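Below is a structure I'd like to ask you about.
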Amino acid sequence: MTNSTLINCCIHILLALFMPPLLLGVIGKTKAAFAGRVGAPFLQPYFDIIRLLQKGTVFSTTTSWVFRAGPIVALATAAVAALLIPFGAHPSPISFEGDMILYAYLFALGRFFTMAAALDTGSSFEGMGSAREATYSCLAEPTLFFALITLSRLSGSYSLNGMLSNVSSGAWLYAGASLLLLIGGMFIVLLAENCRIPFDDPNTHLELTMIHEVMVLDHSGPAFAIIQYAASLKLFVLGAFFVQLALPFATGHPYLDWGVFIATMLLLAIVIGIVESVMARLRLVRVPQLLVAATILAAFSTLLVIR
Amino acid sequence: MFAALIILPLIGAGVTWLIPFDRMRPKALALFACGHMGLVIRMLIHTPPESPGGWFHLDALGKVVLLSTSTIFLACAVYSMGYLYYRRERSNRLLCMWLLICLSAASLVTITHHLGLMWVALETTTISMAPLIYFNRNARSIEATWKYLLICSVGVALALIGLYFLAYATVVAKVEPSLLLDDLVRAAGKLSSGWVHAAFVFLLVGFGTKMGLAPLHTWKPDAYGEAPGLVGALLSGGLVNLAFLALVRVYQLCIATKEITFFQNALVVMGLFSMILAAIFMARQADFKRMLAYSSVEHVGIMAVALGLGGTAIFGALFHLLANSLTKGVLFLSSGNIHRSYNSKSTDHVRGAMRRLPWSGGLFLAGFLAITGSPPFAPFISEFTIISSSFIQGRMAVGAVFLISLSIIFIGMALTVLPMVMGEAPPNSETTSYRETIGTVGPPLALMLLVLMLGVWIPAPLMNLLREAAAQLEVR
Amino acid sequence: MISLADQFLVLVLLINFISLGTSRLIFSIRAVAVQGVILGILPGLIHSFSWHVLAITIVIIAVKGVVIPQLLGRAVRTAEIKREVEPFLGYVPTLLLGAVFTAFSFGFAGSLPMLPEHQNYIFVPASIATLMTGFLVLTTRRKAISQVIGYLILENGIFIFGLLLAEAMPVMVEAGALLDLLVGTFVMGIVINQISREFSSLDTSLLTSLKEE
Amino acid sequence: MYSTLQGACVDPALVAISAALVIGCAGIPGLFLRKPGLGQIFSTVATILAALAGLPSSLLLLFSHTTTTYSLDWGLPFGPCELVIDPLSAFFLLPVFLVSAAGSLFAVGYWPSAEHRTTERGLTFFYGLLSSSMAILLMARNGVFFLMVWEIMALSAYFLLVTEHEREDVRRAGTVYLIATHTGTAALFVYFSFLAAQTGSFMLPTAGSLSALSPVAAIIALAAFVGFGAKAGIMPLHIWLPSAHANAPSHVSAVMSGVMLKMGLYGIFRTLTFFHDPPLLWGAVLTVAGIVTALFGIAFAVAQRDLKRLLACSSIENIGIITTGLGVALLGVSSHTLPLVYLGLAGALLHILNHSLFKPLLFFGSGAIIHASGTREMNLMGGLAKGMPRVALFVLVGSVAICGIPPLNGFASEFLLYLGFFRQLTENSLSYLVLLAPLLALVGGLAVVAFSKLYSSVFLGTPRSPGAAHPHEAGLTMQLPLAVLALLCLLIGVVPQVALRLVYPAIASFYPGLASTEYPAEYGSILDKLSLVGVLLLTMAVVITLLWYWRLKKGRVTSAPTWGCGYQRGTARIQYGATAFSEIAVSVFSGIIRQKIRRPAMAGLFPGGSRCVDHPTETLLERIIAPLFTLAGISFAFLRRLQHGLMHVYMMYIFATLFILMLWAH
């Protein structure tokens, strides 16, 4: 391993460690701006996490060890996923043929344990949340795979590195239509997987309508901090996938590329913020329909490239 | 030697007639059955030479049938010791006597090569069975007897005129008029086809009626349903084989006269028809003895089809003759026990037999699996041989119909048998004094073990016997 | 001599039609008895005299002409039935069918090769026709008695054919004939009487409790 | 290790055969021993010892490239009866020995003869018979002998299934099973007959000796698909499977699902080796049947409320996945794309191995659960994790593994299949195969729904019924099999490359063309990376845990009731139950899953108490096959009028027959 790759590796890990909460901060700020408020500072999510880490913990009497495993697994999976996905033009530290499948399935692992932890509390609301989570994410699964197929067809490679680094502006020339469809589909999945509006509202106060937030009602203190951090990391990882798909800019100069990556990520956060502030939450019954629509978009894009 | 085989049972009949006590007769019956069995085994080992004039000649085919008949009869005789203990309300004198007379006539059928004599013997067996079917002395049994007697007599009468035709054919052909099989085979070339055809048709219908091929089977369900279990076993395990042997003799003649194809096709068609009909009648059958009767129709159908197919299926037919009679013995004897215990033949009342009669219930279940051709029981060997040879010969349609009706029959029988043996006996079901004893369970158990043994291992002598018999029926 | 036998066979055919046409049981029993007597005489006509033939003649006449009618008659009387009411098929159609079958049997016999000495006689057609008549009775009449009668007629048909073989294989023919007689008389007679005791009627349409429902 | 064993002079094949026979006879003494329980102990010990002898020897046979032939002497006229163990058989032997030993150990605690005097003997006897017949089946090379052993297997499975035959549903399940399996056997009659017609003997043909282009070959393949597919539970031949697995004693369900289904797959594998040029159509049919089976199976599983029925349906799903892999491999053979062949076979065979680990694990778990809670209805359970923490842990491992989630073994096999699908993108033939990937992903997603439903509604939350309120931890004899299987799942999950090496000889014997390729090395290295990530994941989880607990020590930890979002009177019954959990998914997939729903009729201003019951239906069985049976029954009843007891008409039958035959003759 040469020197530069070692440095890039370190940068990669540091970014994955420290940048995710910032996205939440940016999103919050954007929404505040749209609402005409000043809003919390960009670093507010960091403050929250630190404060939560210092608090004590309350465990529900009904819970068992499964409840505690939930946040841990969620964070671990997100972290491993972060090591598999390339940031911008820079390849990921770990990469091998078929890693995209692992990437997709890691989220399933995290989800399984999050849902189990939620159901362990025996609260009907958390039950609702996990039931919804289970169904919606299993509807979102195929979309991701269609995206992977399209990318690996375009790039002729079977690993995330190859797929995403080869989707340069060149690909747009001959497969623009399918990439466009793909971006549409993937954006929906991005929002759904991270429980953003229009699927879910992270800071609503009506538990009956929530998905992700209602699953973590009973986590408190450090556990909740871990969950918050894991959620932001997940957003970060999926976002990295998306921006590399949507804004594949590469200057060729390594440090400039890092800058580009950070910039595009922040841009993505702003976009999400805009969407959240201009759109309303969907009715729950509409959610599956939107997800299926995303799947259809992605499927079309696949058919366009493999016919 | 031949004489002994015929006389011994007759003596037995006389003895049982003279014995005054009901308790003693079954023992005598079993005794004479054992004697007969011993005689049969001795004749199988040292086959006596053909009698002067060629009227009596024990060939391989005869041996197979004789063996099966004697075995099933022995089983029934031993069983009767245990069974008749529960039927003390009426005298068993006639029963024992006629059983032995029937045995004598049956042996005669197997050892003679004179078609006329064979016909006489068959008619005797028919008559001798009538009092046995009427054993229960009630309205239903008299009706069954009446139907059995009239239909079978008509059938046998048809067979007689068929024989007359044959004889007349020899007369017309200006050869030495005779009904000796060997003479006929020798003269076969000269006989005029018109008479021979007519003869074959009449013989087929006549013996077919006795054998119970559909649609000539109409007496079977009634007779089997009303007769005591051991009589049913004897009818379906013994007499059927005699009629089949008669058909086989005709078949040998057909081979000689080169008219075989028509006869074979007729056999296949009637056989398949019997199987289909049995399949239809066995589904949702509410009376398990009648179900067994239809199963007997099915199995004569199988034998007919196999005979009609020829080739390797012949072996299947002969082996099926053995396997079927043994398995039928198991089924009828154990069903007799179940009937005694519940005092009902209706599957609405008979439930949970395995709980009430562990042995008989289990044997009935095992017999059901065996008779429907499940490995590792003997009927599987024969049925698979027949099916495979039908496919190997390229008779796809035959094989397909055969297989489909087998499956339907399995389903139908399963839906009748499984509820009988499984579960709990219904609370309202009648409880009788019947208890399982070695006398009533031993014989079917022994037969079942035989069926199992033949399913996994055929002794070399038996194998050779069957091969030899099959060789007699090869179409050249 | 044998030509005389031929005339008798015509008589036999006539009796077939009578038994098909009549509705009174006693009458048809008598008809069958007469038929039996004729059949008893026939061997005497076609063979030269011998004690053996005489014995046969006597036995047959005795059984077919006397014993069986007696048995059946008694059964009829005990069961108090006069006539076959509502046959399965009416009398006129039955008669017509009988005629058709007789014609058919003549055709059938014509198609078969025969000994020259039998060539001009109607043994074979007569036997086939009688056989079919027996079947017709068996299939169209409901009463047990009528069916026994049908069976007897059927037997007579077979017997007629047997006459052709009488010199070829006497033992066989006689054995067959006698055994048939045995069934016909004793066993059937016994069963008939049992039935009439059980049901106090010989209507076999009563004997239909054994069936698939 | 096997080199040392090879040094020993005893022939491993002989060891395997005798082990199978020992297992078969293990139950016999129990039938005659007066003292209850002694027979059970004896058979368990014998079975375990035999398995301990059989496993290494089958491993040896798997890796040794020689196959020895033993000829049994029997008097039947179907040619010699040969026993051969080639790598394919040896591979399938592994689960047979493993699971049957585990099951018999489990039975000691689960079905103690002290409580089940009447049934225990028969159960033990037929259990041994089933296990050994499956082992012998894999060695049989004579078609008729194969058929016999096959039927012995089927029948002993039937007798095991109806152990509790006083119960109506058990009897019904048994009857359906018996009829289905017998129909399958009829198809096998056709299969072996035509094989004999093709080769001239009843011996199974050697690999690649037949051509697939003749019409007879098509019939053979179809018969094999029907006969073996019915046993394996490929749709639409699966009708017997759910009720059978649900109603058998749990350790029997484990063997049936974990091993017996594989025998059907073995038959299909074996059949496909006969032909050297399978047409594309066969592969296509298998692939489509497989993916449809997987999708429908898991969809049914999502809807179930009966614990064991859910497991049974997921068996159907897994069989579907395996069949897909096989079909893909076959497509590869027909189109001469070796990577596809390799990956398809590797995925299929590895998944066979995996499924025979985690499915028995789950069925044993369900046995322990039913033992503790006294019900199979998931809606009545809950909170069992506190009473039986170890079983909860093992079942968790099983559930995660069966969803195909890393780092457990289920993922490894599905991963290989995915690679195969993606590979086709660069091959220019059959690139549409890649569309299987999203479908498989959907299957995986649904599996997560089904098993998080199972796990959470059984073990988590608070008890929903008094029956489940006081669960007891399973006995040691029940825990040990669970522990072993769970450990194996984790092991294969973390080091899949080892398992891949296990699979390779079987692949080579299935498709000799792969013998001299570098694929094993290539994909072995990929799996190395996979296991690296697995280890990374585990370490990361451990690290986070340690950090957190270090944190917890400092902070103060209190415990309080679950926050009810303001509803202070929450009872256990307002928890999300199993049915509620899957309700959304079921409504989304209502096209596939049909449910009978009895909704309460609301009347008046203040409607009284009422309940809404919905239970999933066996679409095929209850809507198509059962009506067909009734229809046939009616028409038969009509035809039975032929037997009306009217004498003169019977006479007419005889006369008519005579007449027709006369006309035919002339």
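A few points about this structure:
The chains carry the letters A, B, C and D, assigned in the order they are written, with residues numbered from 1 in each.
FYI, a residue touches a chain if its C-beta (ideal position, glycine included) is under 8 Å from a C-beta of that chain, and two chains touch if they have at least 3 such contacts.
As the structure is a computational prediction, the values presented were derived from the model and not from experiment.
Centroid analysis (C-alpha atoms only) places A farthest from chain B. Counting C-beta pairs in contact, the chain pair with the largest number is A-D.
If you average the Cα atoms of chain B and of chain D, the two centres end up 44 Å apart.
Distance between chain A and chain D, defined via averaged C-alpha coordinates, is recorded as 36 Å. Note: centroid distance chain A to chain C, computed from Cα atoms, is 101 Å. The geometric centre of chain B is 31 Å away from that of chain C, both derived from CA atoms.
Looking at chain B, residues 147, 150, 154, 194, 198, 221-222, 281 sit in touch with two or more other chains. The set of chain A residues touching two or more other chains is empty. The set of chain D residues that touch two or more partner chains comprises 640, 642-643, 645, 647, 651, 666.
Chains touching one another form the pairs A-D, B-C, B-D, C-D.
Interface residues of chain C facing chain D in the complex, by the touch rule stated above, are 88, 111, 135, 138-142, 147, 150, 204-205, 207-212.
Of all residues in chain A, those touching chain D in their complex are 53-66, 68, 71-73, 75-77, 79-80, 83-84, 94, 96-99, 101-102, 104-106, 108-109, 111-112, 115-116, 119-128, 130-132, 134-135, 137-139, 141-142, 144-146, 148-149, 152-153, 156, 158, 207, 217-218, 221-223, 226, 288, 295, 299, 302, 306. Residues 111-115, 127, 131, 138, 144, 147, 151, 154-155, 157-158, 161-162, 164-165, 168-169, 171-173, 175-176, 179-180, 182-183, 187-188, 191, 194-195, 198-199, 204, 207, 209-210, 212-213 of chain C touch chain B in their complex. Listed in rising order, the residues of chain D touching chain A in the complex are 382-383, 385-386, 389, 392, 396, 400, 403-406, 411, 415, 418-419, 422-423, 425-426, 431-432, 434-435, 437-439, 441-442, 444-446, 448-449, 451-453, 455-457, 459-462, 526, 529-530, 532-533, 536-537, 540-541, 544-545, 548, 551-552, 555-565, 570, 572, 574-576, 580-585, 588.
Residues of chain B that touch chain C in their complex: 116, 119-120, 123-124, 127, 130, 134, 139-140, 142-147, 149-150, 153-154, 157, 160-161, 163-164, 167-168, 170-172, 177-179, 192, 194-195, 198, 221-222, 225-226, 281, 286, 290.
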